[in-house]
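There are two complexes below, and they share chain A, which is joined by chain B in the first and by chain C in the second.
After this line comes the complex of A and B, so read on.
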């Protein structure tokens, strides 16, 4: 899980205020591959075209609110980690979004730059963890099928042990 | 206050003469006298009556009688003196002879009616004239009652009693009027509060966005400038190499560094960023306090810890507190939660604390004590400021009453507080001593009464 050797994780930032997007780019350009959108529609288009690990959106936007956007994002790209960031007056919307399971974390404006980087990093790690768990589950399903097809239970024992180790390793992250 | 006996009873006492009845009459008389503040009360608390008669014997007699009935008598020997004494004492009750040298009783009545008094003045004209047109003339001039000399003293007594009853009704009416004005003013104020709250909500959001990206930009710039400095240092490390190849270029670079004072820049870049970030943090805190104060995110009615509320109000007023170096202590070991309208209650605490601060001089003290007992909470706000004089103290809850110069205060603050606390089913009491300080005590039930909750919906 050494992020520095591979491509930096992809993050999609959504805010109707270009100044905010510009400022965030400055902060995050080194650690992440950045995509930005000024409307919910733009963001959904990007999600359909590019693999995105984390989406972070403002709540208060014309046409489509952040919570609405995240609801639709979940349908398009279920593995993408969803983060909502909001001004003070939108607490109720956040509570609703969190309760509906659309949101991994929320942040209030103004944010603390260090904290933001930290949260995004942990979100990308969470994404990685989920992906790896899925891969392992996939392998496990394959193994189960092979076990059903043959009686050689002893032959898959080693591979099951290896998978268990991997799961443990991921959970330690 | 004891009630008046009814008319029939009072009238009947005037007609008989048996000793047992006499005694009963005295009792009734005492009971009646009690309807003016008691005969034993100090003169300052008795009802004042101005009595004018140019006949010395009549004056003495009336004086004795009226004093015996528990009235505070101001006697005048003619109309001129009566008018002067009236202006000086503004008594609610006037008993005057008609025929007097100089200013006569009719003229006195006219002057009293033309004079703008704070309260109604009940005037009884006493005269030997008995024709019907005399009565009409007296009543036309503005007299309330007309008595023919020399009347039975019981008749005088009941007539005066009627006067006192009318005065009391008039007083009650004035009180009711004041209550209506209070309620109206509180309504205007609460409407203002709603729009102020909306304004604050909008502002908090609008300020937040720029503050957010400016703070972020500063963090980005700080990091990027540090990178540039690192790169610059690497280049500077090569300057000796450069000198070997192109000494002139190397000198130019050194000169440029000096003219821009590079070493100062390198030393100060980070502190400048840190200071800017601190400034923005303060803006952020102010927005936060404003939001806390206006309770923007909350429903109308909520359960709130009163101590927290007090502290956030103190935070909002910190600039005024610091200005006068006032020592503010909040004692809230008990921090009970109460069901209330937080925005309205915050406004009350805010108003009272502002008053306390304004009453304070340099380095005075303000202590706010939160306590609870038997389903009620109390907040005492005590200051060591200038205090309120006895004359003003009874009027402080009146709408539009203010001691500040015109234009500085609307005089709505405390009357609004009074309304809000009443609406919460609580009480607000102010005690003050001029030169010593003021204590405002608010008591509130933990649970709002259902009536108030209904209103709130």
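After this line comes the complex of A and C, so read on.
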């Protein structure tokens, strides 16, 4: 459960087989707010409209592979945690997933339903952790800038300036 | 992960000539056979005519989906697959050489949990006699073997009863 709101974490599930999506919904609907898509294009549309914490997609789909989808998803919603699942496991799929999609987890079918819930919960916590870290960095940067502008830094101006630059670099990454 | 669910064997039977799969569970507690899901005939036909790598890719994708459905159905019945057993009655028609052994090796490497065993029978629908099955990968424990051996004749009979299974429709495209 998301600590900051009472709304369950949002998950986007993508598979071209509706019956797999149906099965996943039955398994996950109690713990998560679920969105589903049967194509990569549908998934990207949802990502543009809704705040999604975790996207989990099949690799082998017509028109757009899961790795390609995650690559585009990263551009649209960089904070969304990306998970690829497949029974179509080959080294190219893994390399594409890592390089294009920078995935958090790579799952092979069949997965254990209990483990899947654990992995998705862990992914939503990771999303939450990253958002909190971003907020802390933003606050720290604002503080550094205010200190530099108001001459409060005294003899540690160089250190504060350096810290401010480092925070900016981390934010850019 | 510790589980309070009943341990079970998940058995996937592939009838090569029909290009069809069936998934059943066998409880390791009481040995009861539970017919779960099946495809329609010709579900696996997309490999025919494809190059060898694509044949392998298609079959591992399609059969992984079958296994996933079986795991999900067992989970819904408070059971948990502790081993997957895949049995093909014979080599697939019009397939690349060594397709089944390669498929078995792939599944063994990639499917770490639960472990998989892959057997091949000696001819059309000949799956009922365990001693005649050739093990391609994954030896069973003595307990698993006894459990499977006892239920193979019943499983063979159930394959001929189409109404006893939940039918999974063939995907509309080649995936």
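Heads up, the rule we're going with is that the second predicted complex is superposed on the first by the 139 of 173 C-alpha atoms of A that agree within 3 Å, B and C clash if a C-alpha of one lies under 4 Å from a C-alpha of the other, contacts with A are read in each partner's own complex, and residues count from 1 in each chain.
Throughout what follows, a contact is a pair of C-beta atoms (placed from the backbone, for glycine too) under 8 Å apart; a residue touches a chain by one contact, two chains touch by 3 or more.
Everything quoted here is computed from the prediction, not taken from an experiment.
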item: Side-by-side fit of chain B and chain C on chain A, or clash; value: clash
item: Which superposed partner A:17 touches (first chain B, second chain C, both, neither); value: both
item: Touching partner for A:130 - first (chain B), second (chain C), both, neither; value: neither
item: Contacts of A:74 with chain B and chain C, given as first, second, both or neither; value: neither
item: First (chain B), second (chain C), both or neither touched by A:115; value: second
item: Touched partner set for A:61, first chain B, second chain C, both or neither; value: second
item: Overlapping segment of chain B (options 19-27, 199-207, 253-261 or 379-387) - the one that collides with chain C in the superposed model; value: 199-207
item: Chain A positions touched by chain B in one structure and by chain C in the second; value: 17, 19-20, 23, 26-27, 60, 87-89, 109-111, 113-114
item: For the chain B and chain A complex, residues of the former touching the latter; value: 201, 204-205, 208-213, 215-217, 219-221, 224, 280, 284, 287-288, 291, 296-297
item: Footprint of chain A on chain C - complex, ascending; value: 1, 3, 57, 60-65, 67-72, 75-76, 80-81, 84, 106, 110-111, 113-114, 168-169, 171, 173-175
item: Chain A - residues contacting chain B, complex; value: 17, 19-20, 22-24, 26-27, 60, 87-89, 91-92, 109-111, 113-114, 116
item: Residue numbers on chain A that touch chain C, as the complex places them; value: 16-17, 19-20, 23, 26-27, 60-62, 86-90, 108-115, 118
